[in-house]
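Some structures are shown below for you to check.
Note that chain A is present in both complexes that follow, paired respectively with chain B and with chain C.
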Partner chain A sequence: MMGMPTVQVIGIEKRFMRTRALDGLTFDAGAGITGLLGPNGAGKTTLLRMMATVLAPDVGELRLLGWDPRKADERLAIRRRLGYMPQEPGFHRSFTAFEFVDYIAILKEMVDRRARHDEVRRVLSLLGLEAVRDRKIKALSGGMRRRVALGQALLGDPDLLVLDEPTAGLDPEQRLRFREIVSERSADRTVILSTHQTEDVAALCPRVVVMDEGRTLFDGTPRELADVARGRVWLAGERAANAHLSWRTGEGMHRNIGDAPAGAELVQPTVEDGYLLLVGHRAFEDEAA
Partner chain B sequence: MTTTWHANADLLARYASGAIDDARAYSLEAHLMACEVCRSSFAEHADKHTLERAWEGVVDRLDAPRPGIVERGLLSLGVRNHVARLLAATPSLSLSWLAAESIALGFAVVAADAATASGRGDLGLLVFLVVAALLPVGGVAVAYGPGVDPVHEVTLSSPMQSHRLLLIRCTAVLASTVALASAAALALPALDWDAVAWLLPSLGLTLGSLALSTWLRPLVASGIVALAWVAVSIVAAFNPADRLVVFRGGGQIAFLVLAAVSALALALRRDAFEQGVV
Partner chain C sequence: MLVGARTATLERRLVAIPTTDGRPRPRVMMALARIETRKLVLHPTFLAGLSLFLLVMRVLIGNWGSNSTAISVGGVAVGLLAGTLLAANACALRARRDRMGELFGSLPAQPETRTGAILLAVLAGPVFLGVLLAVIAYPVMRAGADLRPYISVALVVQFPLTVAAFGALGVALARWVPHPAAAPVWLVAQVMTGITWVVPWIAPKQSGIRMRWHFAYLLSEIAFCASLALARDRRRPALVAAAGITLALTVTSALFQVPPGGLR
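After this line comes the complex of A and B, so read on.
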C-alpha cells in the first residue's frame, strides 16, 4: 500500500447495453504509479474514463483525490488537478502542436497568455517536441502525436495523471523517455497507467492490477506478478503437451508456461509470464469467438 | 545624429514610472531614439522588473506561432486571445463550413429569384426562410460534442465547464450564420420585413436543439429538430391560403415561446453536459 489512497474504487459496475464492462470492481491507489494490465475488453478504458470524470458508474462509488465526482463542485476540483490522456486522443488537425497544447491549456483555465505559453513551451520541451512545435498536427507522425497527447496531459503538473496506453506507437527510445518523464513525477503524485506492455509495468510500476471481464484478477507488485509463474515456466526442445502457452524463442527453445513436468528446466519467470498465466487463455477464447 | 539638449534625471525618472503625459512621452521617446547619452541615463532609472516583464512579453510575442486565418479574423474583431483559440477549434466556424453555408444560402436566393420570376414568389421566399432558419441548427450541431469534436473526451475532463464552452461556440456560430443569412437576404427579389422572418424561428429551433442535447447527443438532437422543421415547412408549402403561415404573427410567438422554454430547460439541465451523459 502506497500511503493514503488518492483513488478509491468501491464496487463499481458499468454496463453498455448488454455488455457488462465493470463487474463490482474494487481497488485503491495512492501516490506513485499503478499499472493496469488486462486483455482487450477487460474494462481498463471504462475504468480510466471514470477516473477522468467523463463517465459515471451505474453502481458503486468512486473517490478521486478525496472528492466525489458525482458532485458538481467536487468534480470541478478533481478536474483542476487532473491530467488525462485517452486511449485514442483526438486532435484539431489544423492546429500546430503548439496551438493544440495551448488550446488544452486554455481549457485548463490558463488564461494569462504569457504564463500559458511558458507552460506550453515547458511541456513541449519535456517531450522533445520543440523542433516540430510549429508543424501542423496532421503533418506529425503517429509517435509525435502520441507525445503531443501526453504533453497536454502533463500541463499544470497535475496531482492525478490518468494515462490510457500512453506508450502505444512509441519507439523504444521514446518509451524510455516516457518512463523517465512519468517516473520523475510519480514521487508525490498519483499516476494510473493502462498498458499492454508488461515491460513498461516491470520498469515503472511499484504496483500492478490485472483486470479481466471487469474484475480484479491480481493486485500486487510486479515481482509478485512474476512469482505467480514461479516454478511454472520451463524451456524445452519442443512444445510441452501440458503447457498452457508455449512459443519458440529466438534461440530455438520452446518457452512453456503451465504445470511443469518433473525434471523440467525451470527458468526465472517474468512479469509477462505471470500475466500470461493469469489471462493467456483469453487470447484463444477471443480467437475462437 | 547629434542633439543639442539632454533630458534631465527628473524627466527620465517620471517617464520610467509612467508619470508623464502622452505628448511629452512621445517627444522623449523620439529623443531617446537619437541620443545615446540619454539612453544610458535612462537605463539607470528603469525598473528592472518592469523591463524584464516587458522583454519577456516581446520574446513571447515573437516566439508564439502566428495564429491561423480564422483566429486572426476573430482577434481583429476584438475577441480575446484565449476565446479566439477556443472558437478556432469550432468545426462550424471553419472556412469550409462557412463556405458551405454561403453556397446553401446562394442556392436559396437563386430559388427565390426563379420562383418569383414564375409568379410564385411566396414559395421562393419560403425556401429561403426555411434554409436560413435551419443553418444555425446545423452549425450548432457540429460545434460541440462526441462525434464532432475530436478532443471532446479531453475537453470534458478539463475544468472549463462544458456548457460555457458550448454557449461561447454557439453564440459565435449564431452570429456568423445570422450575418451570412442577413447578407443573403439583401439579394432577395423583394426586400421587405418578410426577409428577416427567419430570425425568431432560427433562435427557437437552435435553442430547442440545444435543450434536447441535454438528453440526446447533439447531432441526434439537431437531426430531430431539423427533420421536424422541414416536415412542418413542407406541410406549410401545400397550404393554399398562406404558405408563410409559420412565419406570421402566431408562428413567431410560438417560436418565441419555444426559445424561452428551451433556454429555461438548458439552464436547469446544463449539468448534463458536464457528466459525459451526452
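After this line comes the complex of A and C, so read on.
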C-alpha cells in the first residue's frame, strides 16, 4: 500500500439494465499511479466514471480523498480537487486549444483571468501544444486532441487524477512525454490510469489492478503480474498444442503462453504475458460470441 | 468486444450525472459569459443575420412605400432576429452536440452556470450590437423623408429588447427541445402561421400597438425564457415560480398590446 488510501472502493456494484458492469468490486489506492487493466467490458470505464463523480454506484461505498461523493457538498469538494480525462472526451470543435482549456479552467472555478491564462499556458506548454494553441480543435490531429484533453485534466494540479486510456492514439514520443508528465505528478498525488497498454503500466505504475467482468482478477505490482506467467512462457519453432495463446514473433519464433511442456525454452515473462494469461481467453470467447 | 460495445452504449444512455448543490458562482458565470458573448456574435448564423439586416435596410432606404409600413419597419430586423435565435440556440446546444456531458459532469461548476452565461451573452452581445445598429440606423432613417414619421425612440429601444427576447427564446428552446432542427422549425412556424403579434417583434407606433404593453411583453418574454431555460438545469422552486409568473405576464401583455380591432 502506498500511503493512506485516497480512493476506497468497497463492494461496488453497477448494472445497466441486464448488463452487470461492476460486481462487488473492492480495492483502494493511495498516492502514486495505480494502473487498471482489463479487456473491453471489464468495467474499467464505469469505475472511472464513478471516481469522476459522474456516475453513482447501485450498491457499495466509494470514498474519494476522504469524502463521500453521494453527499452533494462532499461531491463538490471532490470535484474541486479532481482532474478527469474521459475515454471519449468531447471537444468544442470550433474553439481553439487555448479557448477550450480556458473554458474548462473557468468551469473549474478559476476566475482570476490572469492567473487562469497563466495556468492554461502552463499546461499547454507542458504538453508541447504552444505552437497550436490558437488552432481550432477541429484542425488538430487525434494525438493533439488527446493532449488537449489531458491538459484540461492537469489544470490546477489536482490531488486526484483519473485518466481513461490517455495514451490511445499517441505516438511513441508523445507516450514517453506523457509518462514523464504523469510520473512527475505522482509522488504526492493519486493517479488512476486505465489503459490497454501494458507497457505503460510496466513503465509507470507501482501497482496494477486487473479487472474482468466487473471484478478484480489481480491486484499487485507489475512484477507480480509478470510472475503470474513465470514458467509458462516459452519460445518454440511452431505453435504449441497446449498453449493458451501463441503468436509468431518478429524473429520467426512462436511465443507460447500456457502450460509449458518439459524441456521448453522458457523466457522471462512480461506484464503483458501475465495479463494475457489472466484474461487472454476472453478475446476468443468474445470472438466466438 | 461485443460486450464492451454494448456496455458502452448502455452507459451513454444511462449516465446520470449528479449535480452539485449550491448556487452558481457569479464570477464563474461572468467569466464564461465573456467567452459565450464572443462565440455568439461571431457565430456564422448571427453574422449572416446581421448581414441580411444591413442589406434589407440598405434596400429599403430610398424604396420606401407607404403600404405595409408595419411589416416593413419590423421586417428590417428579420435577419438579425433570426440570426440571434439560431446562434443562441446553437451555442446552448454546443455541449450536447459535442458530447461534453461526461466531462462537464465532473467539474465543480453547476450546469445552470453555463446556461446563465449564455443568457448573459444573449443580453450582452446582440443587445450591444442591436444598440450600435440602432444608433447607426436612426440618423440614416431620419435622412429619408418618407421614413421620418415612423422613427421614434420607442422603435429604437425595441431593437435590442427584441434581439434579447429572440436570443433567450433560442436558449430556452435548446434546453427543452435539444434538437438542432427545433429552432429553424420554430422560426418558420413563427413567420408562416400569422402569429407575428404574439411573438417578440418590432412594432412602430403607426401599427396602433399599445407601446407600454408591448414593452411589458418583451421584458416578460425575456424573463420567462431565461427562467424556463435555467429551470431545465435544476427545478428550484424560485425558478419555477418565476417561470409561472413571467408566463402569465407574457400572455397578459401579449393580449393587451393589441388594440381592439387589431393592428394596422
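The criterion applied here is as follows: the second predicted complex is superposed on the first by the 289 of 289 C-alpha atoms of A that agree within 3 Å, B and C clash if a C-alpha of one lies under 4 Å from a C-alpha of the other, contacts with A are read in each partner's own complex, and residues count from 1 in each chain.
Methods note: a contact is a pair of C-beta atoms (placed from the backbone, for glycine too) under 8 Å apart; a residue touches a chain by one contact, two chains touch by 3 or more.
Just so it is clear, the model here is predicted, and its values are computed rather than measured.
Given the superposition on chain A, are chain B and chain C in a clash or a fit?
clash
When the two structures are overlaid on chain A, which partner does A:A241 contact: first (chain B), second (chain C), both, or neither?
neither
For A:A21, using the defined touch cut-off, is the partner it touches chain B, chain C, both, or neither? Pick first, second, both or neither.
second
Looking at the overlay, does A:A187 come into contact with chain B only (first), chain C only (second), both, or neither?
In the superposition, A:A187 contacts neither chain B nor chain C.
In the superposed arrangement, does A:T45 touch chain B (first), chain C (second), both or neither?
Touch status of A:T45: second partner only.
So, does A:D73 touch the first partner chain B, the second partner chain C, both, or neither?
A:D73 sits against chain C, while chain B stays out of touch.
After lining up the shared chain so the two structures overlap, which partner does A:A262 touch, if you call chain B first and chain C second: first, second, both or neither?
Neither partner.
Using the superposition on chain A described above, determine whether A:F98 touches chain B (first), chain C (second), both, or neither.
first
For A:M4, select first, second, both or neither according to whether it touches chain B, chain C, the two together, or no partner.
In the superposition, A:M4 touches no partner, neither chain B nor chain C.
So, A:L55: does it touch chain B (first), chain C (second), both, or neither?
Both partners, chain B and chain C.
In the superposed model, only one of 170-178, 224-232 or 242-250 in chain B has C-alpha atoms clashing with chain C. Which one?
Of the candidate stretches of chain B, chain C runs into 170-178.
Hey, what residues of chain A end up touching chain B and chain C alike?
Touching chain B and chain C on chain A: residues 49, 52-56, 72, 75-76, 79-80, 82, 84, 86, 89-94, 99, 102-104, 106-109, 111, 113, 116, 152.
Write out the stretch or stretches of chain A touching chain B in their complex.
By the definition above, chain A touches chain B via 49, 52-56, 72, 75-76, 79-80, 82, 84, 86, 89-96, 98-99, 102-104, 106-109, 111, 113-114, 116-118, 121, 133-134, 152.
Chain C touches which residues of chain A in the complex?
Contacts found on chain A: 16-17, 19, 21, 39-43, 45-46, 49, 52-56, 69, 72-73, 75-76, 79-80, 82, 84, 86, 88-94, 99, 102-104, 106-109, 111, 113, 116, 152, 286-287, 289.
Within their complex, state which residues of chain B touch chain A.
Against chain A, the touching part of chain B is residues 56-57, 60, 63-65, 67-68, 81-82, 85-86, 88-89, 94, 149-161, 165, 271, 274-277.
Name, in rising order, each residue of chain C that touches chain A in their complex.
Of all residues in chain C, those touching chain A are 1-8, 10-11, 14-18, 20-22, 25, 27-28, 31-32, 35, 39, 94-95, 98-109, 113-114.
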